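Each of the next two complexes has subunit A plus one more chain, namely subunit B in the first and subunit C in the second.
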Partner chain A sequence: MHSKMKQTVAAFAVAAAFAAPAKAELTGDLTIFLDTSNPAPRATMEEMIGRFGELHPGLSIETTVIDREAYKTQIRNFLTANAPDVATWYAANRMRPYVEAGLFEDVSDLYAEPEIAEAIASTKGALTIDDKQWGVAYTYYQWGVYYRKDIFAELGLSEPTTWDEEKANCAKIVESGRACYTIGTKYLWTAGGWFDYLNMRTNGFDFHMDLAAGKVSWEDERVKQTFMNWKELIDMGGFIADHQTYSWQEALPFMVKGEAAAYLMGNFAVAPLREAGLTDDQLDFYQFVKINPDVALSEDAPTDTFHIPSNAKNKEAAREFLRYVVSAENQTIINNGDNLGQLPVNANSSVDDDKFLNQGFDMLSNNATGGVAQFWDRDAPAEMAKASMEGFQEFMVKPDELDKILAKLERARGRIYK
Partner chain B sequence: MTVSADISENESWFHRNQQSLAPWLFLAPGILFFAVYVIAPVFQSFNLSLYEWDGLGQAEYVGLRNYEDLYYEFVDRDAFYTALKNNVIWLALYLLAIPAGLFIALFLNQTVAGIRIYKSLFFFPFVISQVVVGLVFSWFYDPNFGLLNTIIGFVGLGPINVLGNEDLVTYGIIAAGLWPQTAYCMILYLTGLNAVDPEQIEAGRLDGAKGWSMLRNIILPQLRPATFIAFVVTIIGALRSFDLISIMTEGGPFGSSRVLAYYMFEVALSEYGFRMGYGAAIAVVLFLIMMCFITYFLWSMYREERGY
Partner chain C sequence: MFPKPIETRSASAQFAYKAMLPIALLFWLAPLLAVALFSIKPEADFTNANYWGLPSRFEGAVNYGQVFFNSDMPRYLLNSVFITVPTVIGAVALSCMTGFALGIYKFKSNLWIFFMFVAGNFVPFQILMVPVRDLTLQLGLYNTKTGLVLFHIAFQTGFCTLFMRNFIRALPFELIEAARVEGISEIRIFWYVVLPLMKPALAALSVLIFTFIWNDYFWAVVLTQGAESQPVTAGITSFNAQYRAAYHLMSAGSIVAALPPVAMFFLMQKHFIAGLTLGAVK
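Coming up: the complex of A and B.
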């Protein structure tokens, strides 16, 4: 009798497992760590988690929001000591140390699911290391030149498409007593953006990635050519003075006040520029111009991601959360103009009707045939990124020291990539 | 015949040795924490500096290679050289806080109405956080709207971008650091001046000492303990300089304002840092420099106690 009872229970259990594989009610705790500490993204994320919670009432979700900068150092501690079930991070090389240390969960199984596989194929590459996927993207954004349309109109300029047009435009802008580009290099990475574009346009995407991977010498003639192109803009007074003292936010007023005509930046610069009073009639966007006509255009599009730490306790719920994050409907909501104001990663979701988002989406879908890079400090290993961006900043201040700077970077390359 | 035989049987071992044990008992908590939180980490750092470790994976023993790398950075005039050089500049210029503090203390050591308010105002920069000091000075130096450029603009100079110029930046940060440090030295001297013996001043005056010779021969010798403390805190403060650099420049432009403490943080703990062993090696170098001063301080204190 006793054993028969057991059998029945076992049979029920098996039946239950077969009956409802996907609809299984999730229970237990789900802890989520976020680095989206700025007010707007924070609210977006919390609303998204709220919606996810409504779908799974049995789950008790605990969200911790950590300051974006502090998060970058804290992640090293909490992944080993006190891992959440889901954590935000960045794609490409930036996640490599954690993947190699075995701290991120392999989520290739999600990418094998039919309803996900096609939809988020565009960001799959950025999340792939050793042919496995280690997380999902939740948003990405384009980079490009944001410029003052009214200043261009006043000087009779049009959006450039070639390097010569770009330089001719810049010469006229400088003549009118303005700087062509605003930039704040105090925190270095903004100069990385310029290098990304100049090098990708001069030498192409593959060369750029080889350089990031340490396969090419910094003293290579092709690298020098990139810097020579950069130097042309610096020498004609294209960049604002004293940029090494400003953060990227502190560089915005130059553009708002009309002392500089353009800004090479990510799409996140649009919101503060609009808040500062620039209307869509004054502000516009163009893709970074072609330099070497033989090179296919490639773009920077940094991707922000969600990962499951290997030490997570509720991985089943974490996977369900990742599925929800990348779902078409959720992607449409969190990336619309009222929320993140960026591009959705799911091909089936719709891009919000915003002129910058539409231009960016179009550019990345149709006009970035060379490839899509993450960003210099995410594509290159952290140490090399730091050393090289310091070099870029120094070059922008003292362009004549180029040889010395490149020699220093070449020494760093010898040490960092073993 | 042992000594214990002289003492009555019922007295315990503890009772008999109470006199010599008591100090150790009272010292025990202090010694314990000092050993666990100061001495042990020092040796841990020494040990860690022989490894290559990213803080996550397996540590790899590399012997003295981290120090070798530091040596080459020094020879190549790379980051380590800059940091070391800046540390020396910090040490030398930070000491200006001592004469400046003495001057202000002498100036404020008088009885006029409301002197306490003036004293508090001069002491104020030491009370506010270093972060605030850093921010205030960043705005002061700002090439666009900073007060400094407005002022030198009146005499037809400038504009200069102090924090953006690799030759000026360290001096600019030290100037910011001197502001609170001078206040600290001032307060040390003010308390010292309270303890100056009025009879000696009187005697000196009868012997015709005044002005400079009064200060040099009568006042300063009596301020020796205050000077010693001011020297100690200023040296340690200069070597620990970190917060101002982190707030004002993040070691920039292109790494020209970093000092050893900041460089260690950058290499081991910052956003782009993953080299725990290398950071530990820098910390060891910094520790050895500090050790020179600490040994000197301890030695002179020891001499003082012996009554030389």
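Coming up: the complex of A and C.
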């Protein structure tokens, strides 16, 4: 009896070994640094790491959560001195300094794996520098125009797709005594969103990125054209008055009360608008309209990412963790409404049953062929982002001073990029 | 005497004074009232621009429930206690001794040492931010309650010494001389003669330092981060979500954070006012 039992166990062991030959058991330590310090995302990430840990019991995982703002200064330090095996960060230009300093591991091999290659193509561009990939995305969200459907219906308007339709709609909205768009530019970045879209639609994604990288003059005619388009909306009274005194949250009531018809904002604006009493029948979403028909549509979709530092000790386990993070099943869980409530990066994941997330997922998967930008203050260097967003705000208040503002930004460009 | 007592003014002036006072008070307290009001409002009131009106529905129980049961707030409150109480004890104990030494003994550099304690109070503390942060980092005390306590004790001792030294100076010196004639050791003079006489000063100073330290925000942000070490003043911002500021919860949290020093003030009002004036007039 006893020996028979042993035999069976041995047989099982052999069978198991043959069934999963590639999956070597992971062992050792895996240290993970997270910047998701707010309670809700923190819980989501810790649960995710818990599930990963259950799959790999041989691995002892140590998670450190660092305050989101403090993380931004500490990352320089720990990537060189005391590197974890996995660290959170942001895509595109925000990871460029660390990629160029050789502090992030090249993970192009992950993107070459068949089950990953197709599935996470939508964020591949944002993680590519010099034709190599330097990390994986774990969540992102769309930007676009959130508008009051009931006001549009009352005025007989439909979702615009071209610049002329957008302006015609706006003229009718202004005529009805409302502003077309609410915005609060007190903290500047909201104006950066408008600039992103107007410039990407006028001059295209590549030009926009060149401008962020300091390769184009601010006094270039093409940049002026972007501002001229913006000026058309400002001059017709499209934006709410005194927007420079409101934060983005303080600008929400204008939309709730129907004093403004639309808000160019990230998807995080939906939750407070719903809480304030707007139903899904009153609130809807459309992609920012085409301006220059020759330009492919590109979108703002700030992307949060995981990277493996070059100095990591357990890169094998770190890679397995990254595989798990982007897997369809995990992406479905962490991005659902109970957790992050954002868009999954894996095309095979199911998106939460939410009309805005579904529209955003569809838009970013199928209708953002020009590229995905990270948002102006992530794409441009911090100093230039600040100077330029101050310029955007000033322009929105005093549109006639454009030449002066652009000259100032051009001087800043000469100083900042060296 | 200035200001003139109001009773000596004309009847119309007195009436105007009585009428204006509540209005001035209302303006003065307006921000505080707004915070109190927000702490019982639902979040949607902010998005509806209902900043000053009555709450659309009473959410006080929900908001305060969130603060106490669904956030790190109790932890932060406890941190505040663990930072404030040792600081009060440490600073007051040290300054009793320095005050005794500087107030009783006549030695050569007495006045200069005293001036150094006083001069420390005139250093704007903001300029110490970077060196102190580096110091705590190198000592391995960054992001610990101990680091914050040690710094507060060091920094508060200057003011406390000024306060205590002046108080001890005002005591009748004959008492100490009499004790010395009896052949009592200096330590016992300090413990059995001077310390009992200092009780009002001890109470006043403790109350004052308690409120100073409890309300400190600057050093809490500079020297600590995260729920394991930050006091409540810095912890209030943890109610902010990644994209949104939760004004209703921050308001409720602020009210909770402000309660201990306010309670302290009302319970110990006599000592508090004594504390503000004791050190000032010699």
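Observations on the structure shown:
In the analysis below, the second predicted complex is superposed on the first by the 386 of 418 C-alpha atoms of A that agree within 3 Å, B and C clash if a C-alpha of one lies under 4 Å from a C-alpha of the other, contacts with A are read in each partner's own complex, and residues count from 1 in each chain.
Keep this in mind: a residue touches a chain if its C-beta (ideal position, glycine included) is under 8 Å from a C-beta of that chain, and two chains touch if they have at least 3 such contacts.
Owing to the predicted nature of the structure, the values given are computational and were not obtained by experimental measurement.
In the superposed model, A:347 makes contact with neither subunit B nor subunit C. Once the two complexes are laid over each other on the shared chain, residue contacts for A:241 go to subunit B alone; subunit C is not touched. Applying the stated contact rule after C-alpha superposition, one finds that A:68 touches subunit C and leaves subunit B untouched. Within the superposed three-chain model, A:121 lies out of touch with both subunit B and subunit C [touch as defined at top]. When both complexes are overlaid on chain A, the residue A:112 reaches neither subunit B nor subunit C. By the touch criterion stated above, A:377 is placed in contact with subunit B alone, subunit C being left untouched. Applying the stated contact rule after C-alpha superposition, one finds that A:397 touches subunit B and leaves subunit C untouched. Of the two partners subunit B and subunit C, more residues of subunit A are touched by B. In the superposition on chain A, the residues of subunit A contacted by subunit B and by subunit C do not overlap at all.
The touching residues of subunit B, when paired with subunit A in their complex, are 54-57, 69, 76, 78, 142-144, 161, 163-164, 249-250, 252-255, 266, 269-275.
The touching residues of subunit A, counted against subunit C in their complex, run 37-41, 66-68, 70, 247, 249-250, 252-253, 256-257, 266, 268, 271-273, 275-277.
Residues 42-44, 46-49, 71-72, 225-226, 238, 240-245 of subunit C touch subunit A in their complex.
Contact residues on subunit A toward subunit B in their complex (touch as defined above): 69, 72-73, 76, 79-80, 97-98, 100-101, 103, 185-188, 241-242, 244-245, 377, 382-383, 385-386, 390-391, 393-394, 397, 408, 411, 415.
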